[in-house]
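Across the two complexes that follow, chain A remains constant while its partner is chain B and subsequently chain C.
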Partner chain A sequence: MLIFDQCIESISYLATLLTNGLIMGIIYALMALGLTLIFSVLGIVNFSHGELYMIGGFVAFFLLDAFEGLNPILAILSAGLATFVIGAIFERLFLRPMHQGKVQRTGEYAILVTFGFAFFLQYLSLAIIGPFPFKASRFVDLAIKPLFGVIRVFQTRVVAAAIALILIAILLWFIQRTWTGRGLRAVSQDKDAAAVTGINPLRMNNFAFGLGAALAGMSGAVLVQVFSWTFNVGIPAASKSYVVIVLGGMGSIPGALLGGLILGAVESLGTGCFPDPSRGLAYQSAFGLVIFALVLLIRPQGLFGRKL
Partner chain B sequence: MSSRTMARIRGVDLRVAIPLSALIILAFLAPVVMVALGIAPYWFHVAIVAMFYATLAASWSLLAGYAGQFSFGTMAFMAIGAYTAGLLGQFLAVGVVPGIILGTLLAGLFGLIIGALTLRLRRTYLALFTIAFSEILRLGLMAEHKITEGPDGLPMEPLVNTTSKVPPYYIHLAMLVLGLAIMYALVRSRFGLFFRAIREDEEAAAALGVHVVRYKIFVFVVTSMIAGFAGAVHFHYVEILTPNVLLILQMSIVITMAVIGGIESLIAAAFGAIFIHFGLEIMRPLLNWRLVVFGLLLMLTLRFFQNGLLHPILQFVLRREDVLAETVAKRKLPGEGDPA
Partner chain C sequence: MHRKILWALAITAVALLAGACATPTPETIVEQVVVTEIVEVEGESTTVEVEVTTVPGRCAPTDLADVETIQIGATAPLSAPGSVTGGLVMQAAFRIAEDEINEAGGVLGKPLNMILNDTEGLPERGTAVMERLITQDCVTAIVGEYHSAVGLTMKEVANKYHVPIVFAETYNDDITGVGYPEVFRIAPTSTFTAQMDGKWLSEVGDFNGDGEMFVVIVAENTGYGTGQVEKADLWFPEYGLTHETFFADLPTQDFSSVVTRINALDTVPDAILIKVTGETSYNLQQQLYEGGIDISKTIVVANQVALNHDEFWQNVPDGAFAVVPRIGPWASSATETGLAFAEAYRARMGRFPEAYAFEAYDSLHIMADAINRAGSLDPDAIIAALEATDFVGAAGTYTFPYGSGNTPEDAGVPAFMWHQWPEVPLLFLQYTEAGQHSDDLEVIWPATYRTSDGAIIRP
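Let's turn to the complex of A and B:
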């Protein structure tokens, strides 16, 4: 009961939980952005998002491992590039036929084929890399003093969140200010109208899926220094991304950002304030999933969703 | 037309009934042959597990293939049935058979609740919701390890008090045949038409007088009960139950079996499960590569053989137009001539 009392009485304990939750929330937001981007352009939920995240992490890990002193930023960008290519190839081979009328029941097909891809990627990396966990060393060495003298934060997570913020900013700039970004938004609003103005929706689909995959891969690369990495690390990551996009509203970018922060805060406070600390930790992911189930039942379009 | 009428006795199509009864008789006689040939009990075990998966794959194909409800919750209902039976046996000394019955009923109750809650949700949302449901259940079972024994496993009473694999083989065979018979009767009846009408177009079905809410919940309850029943029976045989049965891998295996067999045919899905389970056992020396092959096969089947790999073969063997011709995807595609 000690922790529970602390949760009610100690402001600094509560503030620590909240700060750490929001730090994780920024990273969740980055993961979810890729998923929401794919949903808004292609109209499908990518069930292999977690596996692309896992692969991004492994690419960064092995690059940093192979080349001593490689700039972590380069490793993250390479992870993004690798997952972009994987995502774009998958889209070209398995998702484009949906839009060309070569596949029936596209809604069910999209769920199952991305799910099959997830399965394939997961066991391919298990077969190649093995079941043992890998742990990357810190990207940068710097000591962070407790904020206001009392709020302790994890150094690796702060670095990860900072990189995530930069990546989010670049993505937002790209989507809002460049022609390709406008093309993506046009296709997400109305495919046919976009085609009339000379945008090729098929190419935009391909690019959006690649970009979404790259965002998953880069968030994996950012987090490889935080968690130990195995072939199945993508499953909890993906389920958190689903929670975020459902909470924020599928296809909504501000929704993904806000949803990420909310999920981070809820998980952290829920775990820290659960009456029985050992069970609280075991239930960590469950807090998010309960919110998720409630949102689906009460307000399926989420906070900023367009329509269901 | 006349040959078709002659091949029917009291509405039962002999061209289906004869091969199917032959198969069932073969399955009943298989243990005798296996014992006579001295085949290792290990293969009995493989066959038993294969029949467990076959029951689950068939129930998923009824829910997703016929009724169009893409639930990822089959394993969750299976686990509810199994844990109910196990916990009742552990704490209240409830016997095996009453435990299985209560487990089946509780799985049905949960199916009713989840089915009612998710009525509004379609496709992706339903898939996400049921994934979340089974993950919450898994985390809960892990966290409450004082009751459920968590990852150490909940001990279960043995199904029958013998080390022989023959009685559990027959029990599983009976379970599979019973489950298939119930579901087959269901899809051959008016209900089957209602399910498919709802799958194709919910609004149109409702407009034509199909009670959409009732049948959507009904199919959820039936498939949940069958999954719960299979779980309770099978884990009394395995004698130990861990929350790992709820890992997403397990659900993916069931789905892959149904898809490769033929998602819109119960029997093809069940055969798919049996073939794939034996296939995975034979491929054991390949270690994890067999799951890679499996994943690739799933993707290719989806892309190029939407009716499954086994379904067309079954159709050929049964020398019949189709088990249910009108259910199989034959809709006209844009940019294509008349479908064959």
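Let's turn to the complex of A and C:
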């Protein structure tokens, strides 16, 4: 048997898997957006992305816990603001020297400093918050009936995906329609040319890193009502984000969206249709890594990325 | 010629003096063999002693006069991917036990120094930690560990260096099943817990009334989870149960595909057993409820972390009527020592001790008691004393009835009963309303401890 029987015999089973996979995919896309934005503008991979996602989740949780009745949207925006500030300060202190020519081996330096920042955030969180799992109350108490009577979806994820779509739409509008967004695009295309036109690349780098961190933090804030949150929750999130941006094309925002949807669908269908039901879930992460490897082999620039 | 011999003797003397004055390095000798070699030099004779190491690397002293503190090693997962929650719980319990032992005069009249090491939940780290404890920290004995996968490698090192070890929270049968003289365990075995599920479920019967007793197991892909499933494969048929298993790696967050598969099964399960530890179990359990599992037809059996009620209700808000297995005493069944420990633990950690807290606490006390009764640091004496243990700990009265004088084979019991505490308290508790305090849980099984009307409370 090459595929689980239900995947062939039951349209409703397949549809349930696909729907839930796409919902997760939207969430993955939001998780990965910050990473791809930073790569696009600064040209580096931010290895502390998962930890900024974790910090955002905790900020939202503690705000919602401290202020009863606080609107979750405010908590999400606050988490974004907090991680923006953290990201901007980090970029100013540790990454700007790279762009000012004060660092010789910039590639290695960026990897080391962002990894170091990741460990710092992770273990600082462990020291302050502890290892215990936290979870925010549901943002909205909805009773969602099965779609078309057969497709069961997870209420908290539907809410998270809806918020994610709004945030993605706002980001796309910002990048396309505002002067700052155009400045970011200009710097990502050609730093020197952007400088000639009066755009300060260093300031744009700082803003981009802060914005990328904010997106990571907001994605965490959106998901803290879906999953249990611990100090190491960022690790699997980061690994999925790397797969999404490689699949979609590093530096491409539409690519991150499509990459997230593809990853979510592949993981869900892969685990749900794997012939051995006892093993399908154990290989969930492997499906993403197979895509990662295939993309690097066949089309290393990803679906929407620039050719290497 | 004369001058060369004098130079040789002078260099030898300097070397001997330098060695005597150097910082003492841990002795690597367990047994000494003295070889006398006579070298005759112009009427003089020189006797050369050669010491031979029979257990290379082990540096624990065996002569009490040579030590100022008694070193006992302890292991627990204190960083990912191990269960940090479990590790920190054990750390707190170890420290309480260490303080109590020292306040009572220490071990053999000397202060106890417990050296705690982080195994990270990784088998290879467990091996490395054991090697360091035994060959560098010179511990006399070792206690602890949370993860079965790590325990499986640790026992090999304990056997290699002939160091006694009492395992606290490692369930895999093979840990004691191989019959190493050094290895003892106070946690239940996977078989105990597998039979526990079967015995209870057979008493519950056909929960959803569909004519079948069918169970789904979602297990983590580790020594613990696979051990649980292997034993279910072995024992469930004895109790008339059929089952389907799904494995998950730690730390999986998204269980939607498994929930979808369970919903698509031809037979509605009477129970879903969550054999996943830590926060991952919370993710799974809440997603079962969100994904449409009907608790009027399917019992959800949580991981024992669900007994931390604040954490449980925050992470699993829909968990009413969840059943929780409890290894170890509960508020209603603890000994006096257990209640005193619970008070000390609650002062540090703010809650009733988890089973592995009891186990960590008792493992250190048991080892200290054995060393005291042995009156020596010799590993064989300690092992003999452990075999003769009759110690009232926090979780109950500890004995190890099956060992060198009464092997499991002779007694007609399974091999894993070697150096295994047989009276581990195994309970099933049940939440009956949202937000309930875990101290108020009904004990639904076994009948000896039951506070409810039957083996299950229906919603």
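Everything below uses one rule, namely that the second predicted complex is superposed on the first by the 304 of 308 C-alpha atoms of A that agree within 3 Å, B and C clash if a C-alpha of one lies under 4 Å from a C-alpha of the other, contacts with A are read in each partner's own complex, and residues count from 1 in each chain.
Everything below uses one rule, namely that contacts are C-beta pairs under 8 Å (C-beta built on N, C-alpha and C of every residue); 3 or more make two chains touch, one makes a residue touch a chain.
For clarity, every value in this text was computed on a predicted model and none was experimentally measured.
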Side-by-side fit of chain B and chain C on chain A, or clash: clash
Touching partner for A:I235 - first (chain B), second (chain C), both, neither: both
Partner chain(s) touched by A:T271 [first = chain B, second = chain C, both, neither]: second
First (chain B), second (chain C), both or neither touched by A:L77: neither
Touched partner set for A:I89, first chain B, second chain C, both or neither: neither
Chain B versus chain C as contact partner of A:L303, first or second or both or neither: neither
Partner chain in contact with A:F292 - chain B first, chain C second, else both or neither: first
First, second, both or neither for A:A195, with chain B first and chain C second: neither
Contacts of A:A15 with chain B and chain C, given as first, second, both or neither: neither
Which of chain B and chain C A:K135 touches, first, second, both or neither: second
Interface residues of chain A shared between complexes with chain B and chain C: 126, 235, 279, 282, 285
Of chain C, residues touching chain A in the complex: 80, 84-85, 88, 221, 244-249, 251-258, 260-261, 263-264, 278-279, 282-283, 287, 290-292, 311, 314-315, 317
Contacting residues of chain B [partner chain A, same complex]: 64, 68, 70, 117-118, 120-121, 123-125, 127-129, 131-133, 135-136, 139-140, 142-144, 248-249, 252, 255-256, 259, 287-289, 291-292, 294-296, 298-299, 302-303, 306, 329, 331, 333-336
Complex contacts: residues of chain A adjacent to chain B: 44-45, 47, 93-94, 97, 100-105, 107-109, 111-113, 115-117, 119-124, 126-127, 235, 239, 242-243, 246, 279, 282-283, 285-286, 289-290, 292-293, 296-297, 300, 308
Contacting residues of chain A [partner chain C, same complex]: 4, 6, 10, 13, 16-17, 20, 24, 126, 130-135, 137-138, 146, 152, 154-157, 227-228, 230, 232-233, 235-236, 267-268, 271-272, 277-282, 284-285
